[in-house]
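After this come two complexes, each holding chain A, first together with chain B and then together with chain C.
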Partner chain A sequence: MFELPVTTIEGPEIFVIEFGDIVNYFTVYTAALFTFALLFTILVIISRPERQVDIAFGGDAFYTKDVTPAQMKFQRFMALACGLATLGAMMSGDVFNFTLFTSMVGITNIGIVAAYKYKHVLNAAFQYGIVAMIATVPLFGSAAIILATTGTLSMWELFGSTIAVPLIAKIFLVLGVMGEGMAPFYVAKAEITRAPGAPYVLMIHVSSLLLFLRVVEIVISM
Partner chain B sequence: MEEIYILGLLAVFLSIVIGFWALVKEEDDLHRILLTDLAEILALALIALVATDLAEALILPGLVVGISELMAISEVFLVREGLTRQPERMLHIEVMDSAPAILALALIGYGVLLSGFSGGAVAGIGVIFYFICKGHDERFAIFEVLSGYAWVMWIVAFFIFVLVPQYWFFGVLIAGAAILLKVAGKMSLVGTMRGGANV
Partner chain C sequence: MIDYLIFGTIIGLLFHGIHRKVIARIQGRPGPPIWQEILHTLKFSFKQTWIPKTASQTLFVWVVLVAIGIWSAALIVLVTEGSILLLFGIYMLHKIVEHGMGLSSGSPYGKFGAIRSVMSAASELPLFATVGAIYLFTGSLLLTDILAWQSAHGPLLIFAFPAAVALYVVILSKMHYSPFAIIESKEIVSGNMTEHFGVWRAGLEVAFALKTYVLLFAFVLLFLGPLPLWLVLAVMLLLLLSLSFICAFCPMLSPYDTVTMQSLTMGIVAVYIVIVGVILA
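For the complex of A and B:
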């Protein structure tokens, strides 16, 4: 009953579940992103934390830090939650659900880094948290403006040619995702990723990258 | 109607500019957390401007997400500043030893009678009172289990609504009972927020 209006951007649809006018769907494009996110979520489940080595400059000495999975329990849980939120954002067919999943990714990203006790990591996590929180203003703002001007939040309606989404809403959506996922601002994240626990910290990058790819698809299709 | 929306939009955008400007100027980190909370409210105002039933339904998840983000960064702030302190017992009077059991029993009984959201609130207040007075060395596992069952009941009720809509009344009853458990459990946690070994 539902047909994707434009198939040139993301390819034909593969799978569709409909709840009223909210349609969760996979196209070739989103299915690829979903698979990627799933792969990394599984990696987070099965992998053990990395062991960092600090080199002492001026000599041959080095320190190895022993990190056990027990110490990393919370990070692993948060990375898992982050993976699930990313999966949700990939297959969501509703603008508001997408924004909710995006802010969930933001929260879990803070959670992944917040458990470390290093001062510089906490500092970076705090700044990042402020940005993520401010970003909910344009994020929910865009959903609200889309709802107010078009009367629907379903992507299947919005992707059609009959409904024109205002430019400001699109700009807000991209801004919001940029703030939550921090996709182009890796400089701010460099401090965060100096924390130990490589496979879990990687989830921050993966989630923001996938979110950004997805929001580009949404904004172009609208 | 259209003009009112535009007018409201302008007012909110003006507030956003003011709020963001304040955030840029602010130096103190604690104040910045509070200002981000203000900015969060402006996002809710943007949703509220839509002024339909759907907007009302969207405000709640928006609020929940905002609060959880606020809690996350407050936690980061507390850890970073090393601001953790064991609170001591503030108040202890005779009535707190004798009254809680019977009052809590009455409130919970009345809450079960009311059922639903308000019933959960009443029953929750009963449990809050009990925990505040009696201490809370009880195991929290039971709340987690109850909360999990409530969640499952919601899912069951949802499937009843979707798959067999003619049994909607049964679905309503299940969802009502689940929200009673959920609200009561959540509120009772408030009564335990005075610090202690297992909090």
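For the complex of A and C:
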């Protein structure tokens, strides 16, 4: 039976599913994050986008943007995939699985932004894509370094006091997660709010913050 | 637990009223009575309410419930002496509420508030530094252990003063009329809250009251240790008065200055952590 070696950081474990040496688990902390991700994934399914009102500068005019069904379908699909990837990252007990889910969040985030065919938003999506792609190097690099130095990727083992994870691997892991969705790589984030589809665009923010919260827990526990 | 939530909400609303009163008196105005925010909340609860035609209706309502939910959860974490990492998480999730609140209505003012909320993500960084510094001293992030450590060694305010300053900046960032409150500044009407009125605004007032109560309560528990309830409330009030003084005297910063100030705070605490945790360890 899996027993979380460190309980002074995220509280006691609640639930464990073992797949060989890959152990998915919930603690009080990860269960709370998972619940939050689930809430917003359901929100993506049940809500419709807003119609943004834009002001035409230099006059009193304003206009509302419409969202076409095709665009909404694609954004919703990407947001849903993003939600599922986030859910996976929240309960993963394996560093490699965590990095895979993180990169999937990065990919789907690009999809959510790129759905809107507007010059500035597409530029933002392009820049965001470059950052996310570059970030995969430290992200998967950290998993490789951890495996090479410790012989395991299971958090079950890595959280124990007998295994020392190199500091550089922890730094790479944080950098990788930041690049996949977090500040300071906000080149796209201010721009994406030009795009209508608040429930879907919000999923970018939800996934980024939850990933960051999860990686903080992982890095401190290792 | 419901009694804690009601108590926290009432005290939080009262604190908001005191905050407004102190700012007004410093600025030479009579100001509203200190129970004004309680009256506001009651008033909003019974006012006519609807959802703007342009809004994403589900999200528009959902964020209000999420705001109340996360800050109720935060209070429960404090009362049950759980992990402060969870508290840190909830604080960061509040950013999603701010963002969602602004975007959901479709209003340009709400949108500007939401964009400013994204830009001011730096306000979360000092809290991260605080959590790191506390872990460095106590070796645990469970509030039970942190309180026990302070009972044995003395208040963390003495041992980790820069971390206390960082948390103070975090609380200041989230106060109404704060120099960092760029997401609700008046040049964009009420920012991300512009379109939430009636019962939605009442719900947000309740959530924000809980937030103020939780953050001040957390500061006292994390840096002064276990104290009797009356003393906790007295220290929270003193903290609030100091925050009100700053809010009364400081003009609203520009969004970029806000980020710079918060990042600087984070940087100073990060250097402090490196010195204490790596060089002196």
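Following the convention adopted for this analysis, the second predicted complex is superposed on the first by the 210 of 222 C-alpha atoms of A that agree within 3 Å, B and C clash if a C-alpha of one lies under 4 Å from a C-alpha of the other, contacts with A are read in each partner's own complex, and residues count from 1 in each chain.
Basically, contacts are C-beta pairs under 8 Å (C-beta built on N, C-alpha and C of every residue); 3 or more make two chains touch, one makes a residue touch a chain.
Predicted model only: the values in this text are computed from it and were never measured.
K.L.:
Which touches a greater number of chain A residues, chain B or chain C?
P.N.:
When the residues of chain A touched by each partner are counted, C comes out ahead.
K.L.:
May I ask you to decide whether A:Ile134 touches chain B, chain C, both, or neither, giving the answer as first, second, both or neither?
P.N.:
A:Ile134: touches chain B, not chain C.
K.L.:
Now for A:Gln52: first (chain B), second (chain C), both, or neither, which partner does it touch?
P.N.:
Once the two structures are laid over each other on A, A:Gln52 reaches chain C alone.
K.L.:
Touch test for A:Leu43: chain B only (first), chain C only (second), both, or neither?
P.N.:
The second partner, chain C, only.
K.L.:
Just chain B (first), just chain C (second), both, or neither: which does A:Ile220 touch?
P.N.:
In the superposition, A:Ile220 contacts chain C only.
K.L.:
Just chain B (first), just chain C (second), both, or neither: which does A:Asn123 touch?
P.N.:
Once the two structures are laid over each other on A, A:Asn123 reaches chain B alone.
K.L.:
Any idea which chain A residues touch chain C in the complex?
P.N.:
Its residues touching chain C are 8-11, 28-29, 32-33, 36, 39-40, 43, 46-55, 62, 64, 183, 186, 189-190, 193, 196, 198-199, 201-202, 205-206, 209, 212-213, 216-217, 220.
K.L.:
Using the touch definition up top, name the residues of chain B that touch chain A in the complex.
P.N.:
It comes out as residues 5, 16, 20, 23, 29, 32-33, 36-37, 39-40, 42-44, 46-47, 49-50, 52, 54-55, 58, 61-62, 65-66, 68-70, 72-73, 75-77, 79-80.
K.L.:
In the complex formed with chain A, which residues of chain C make contact?
P.N.:
53-60, 62, 66, 70, 73, 82-83, 85-86, 88-90, 92-93, 95-96, 99-100, 103-108, 111, 114-115, 118-119, 121-122, 128, 135, 139-142, 145
K.L.:
Within their complex, state which residues of chain A touch chain B.
P.N.:
96, 100, 103-104, 106-107, 110-111, 114, 117, 119, 122-123, 125-126, 129-130, 132-134, 136-137, 139-141, 143-145, 147-148, 153
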